[in-house]
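Here is the structure we will look at, set down as structure tokens.
Labels A, B and C are assigned to the chains in the order they are written; within every chain, residues are numbered from 1.
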């Protein structure tokens, strides 16, 4: 899978396999199975703690043991209640159901004890489903599907895992009430930047926003070896987010126009990556890269996870970057900018839900 | 269509066409299409302002331009969001979608600009649906349907448009959670006045309420030229709202009995008019006429719009009438009387919804 | 129907009739019709008062007249509204619909007057459904079904009606949002006691809880004359609620262990009785018997009714028992113990509702 570095199409798929290239997307109401998804920031799960989260419609329980995060089905095999309702851990490697004491090893999902029935014949014979977990760059990822997990890197925005990239460990993690695809489409849509035109972020930066959006193929997709639409999707062509038009003789334009009232002009590349990641480069400032994910939760909601990366060459650089994100930019981007996107997604949801 | 002035049937439809005269009504869950409906009081929409309202299940956006009210579909042709979520008007005759700047002329619904894509090929080629609007007697009316609109007067209670009638410009406008038909049936039902028997309005007026309810035809309908049940529906016969009965030897009666403890005795005519208007004459005082509408919103709710009219012969009369309605009667009728009706409609809704 | 007093099976049903003994239970989403159900404590309905309650999906109105409780359909025959929305009683034996004054005799359900239409032809000709009611031991019971009601005693936990048993008149009455069967299964499940292990009740009593649970038949059912699974269901075998097990080398055990840190050791018998009653003997203290019911309300909720009984030999005994229940035990059991059960039922509901 080649990464694009320019505006030109670099990959031509076989026309036949592309006949209905978006079919899988139309059907992916609950997201694409057999992919890696970020679930939360590492700092959200301390040693020995557990937390439940619904991903692609499945309730998953996460627990950190000796630094490593494990994930099992969040549903007791006995009476079906969620373990996370009242998480109860008597020992390091286990979680016990709060209801009858069915006790599972989180490393392999095995039922290893029933506190209220020590001789119970099910002990050692049943297990809860487990989920592969990886933890990289201050974030926890889970693989949801039935196949063997592929390399995590294949499901991440290019650059995210690079050694010299520092990822801000305290990004945003919210539930938004729209299907995840409305969020993805909003994110990669160049002209939606219109809704942000009066945001504090734009005003602080006094920034003009020429957006580069281009396709890698005629259909905007990178395919895998089998020609399936897996991998990368980017917008095609070159468009600007500095707009100027006339309505009934009235000039309507971006607040900041290059050469007129700002010198803050730079091209921003926005790209969408399987299964649900966005990359905005640069954002919010030159040198910063914004990473977003729209992780399917259920049919009508998704987790909106946002953070930022920067190439750094020293610990001091990294510390400085984290400090600036915490103290200024996180709030500006999330509260004053991304909230506009949340409103848009939820407004579309009420239309598309019909 | 002749207006009734007495108790006698004045119109005899062809028996054949009346065989299932109520069929259309039973099916009109979302109201009767191809009719005029009041939507709000004129004062609710100032010059240059816009507002959205759902009528017969359709989201409609209203904007006032140079004094005139226009109505278009409240749904952007691009991504389906409601324009009224964040109304944005860059120029006098237009509304722009807050999401991507799709800009429509409210006079004809045409897409005349896309702010974020000035060369967009859709410009000038697509349009949103428009709705005919009329504004009379301090109220705005919209025609919802597919046919050519008939004369507004055909859809209004008789007398409402008369030159010497002053209509109070600041009536009530509420959403009530029941199907509109439960409201209509409650309104025209003579005996429902029972629920109002202890209301402040009755006590202030010390009023006895002989109600006249009569049919114009055997089926209580006036038909149009084609024999369809269109036009006027009135109750049949003569009944009194001054009740007196005995239950287990206990006399139960209206609080105010003519000749016993009140001289405030007068006949009140109540009639229901297509598509959803009620007329109560007189109410609340001799000389006042109450006009109500139960405008279908969606299957489970309607707008309850109430105001009053009075025949006046001078500006001073009119001012005095408005003043009295504002300062005394509006509150007495709406808060202390009509609220009983709202409770009844919502109580029926929970039964009929099954 | 013999009551069990020991651990031995005392009744052997015909194998044939037991082939699918639980079928009726699986289908009883709204409970078993043709049985008696407790609805409220006697003190909740004073002379002349009325109250509405939904039982097995039916809205029922109760009114007390001359000390006796009557029950009729809580739905006016005219426009379907619930009489209990605004109960209105002009005379002792009647309730009038608040909407149009349709007046019913609560003793036989007959429409005996229409206040707003004294000559109405329906008077004396229609009636609302009535329900058999019994009041025993400070509680009101209603029979919901189509058959002739059987003896109330057949639907009550053994002992409840005994002459020397005093029943606490001020137990708990709550609505819980789960199907009634999840409550019944939780109640009779010996090991669920695990969720109560840290409750204040256990700590105050410093109590170890060996639970006796046994079957009367191989299938845990007592059958009626026809072999149908009607009557008594008890758990089988002998198990202990004093648990001690080892997880990853860590000993997990009940807080109070007989002979170690408590002498409060006694066997508790828990049994479930048709149609929805539980008996816990003894509870909370030796000599007390806890009676619970999970009365089906609709598919997703039930009334949770709890009280206690004790064999007394004098008025002073009874007064003392009531006083102790009010001042100490009711709160300990209900707020600090049974609330755990409510959490469990509602957690299961979200799983089983799928």
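Side notes on the structure shown:
The rule we apply is simple: a contact is a pair of C-beta atoms (placed from the backbone, for glycine too) under 8 Å apart; a residue touches a chain by one contact, two chains touch by 3 or more.
The model shown is predicted, which means the values in this text are computed figures rather than measured ones.
Chain contact topology: the protein chains form a complete graph, every chain touching every other one.
Where subunit B touches subunit C, under half of the residue numbers in use are shared by the two copies, so each contributes mostly different positions. Once the centre of each chain is set as its mean CA position, subunit B and subunit C turn out to be 49 Å apart.
Residue positions of subunit C touching 2 or more other chains: there are none. The touching residues of subunit B, counted against subunit C in their complex, run 189-195, 239, 241, 243-250, 252, 343-344, 347-348, 350-352. By the touch criterion stated above, subunit A contacts subunit C in their complex at residues 75, 79-82, 85-86, 90-94, 96, 98-101, 103, 112-118.
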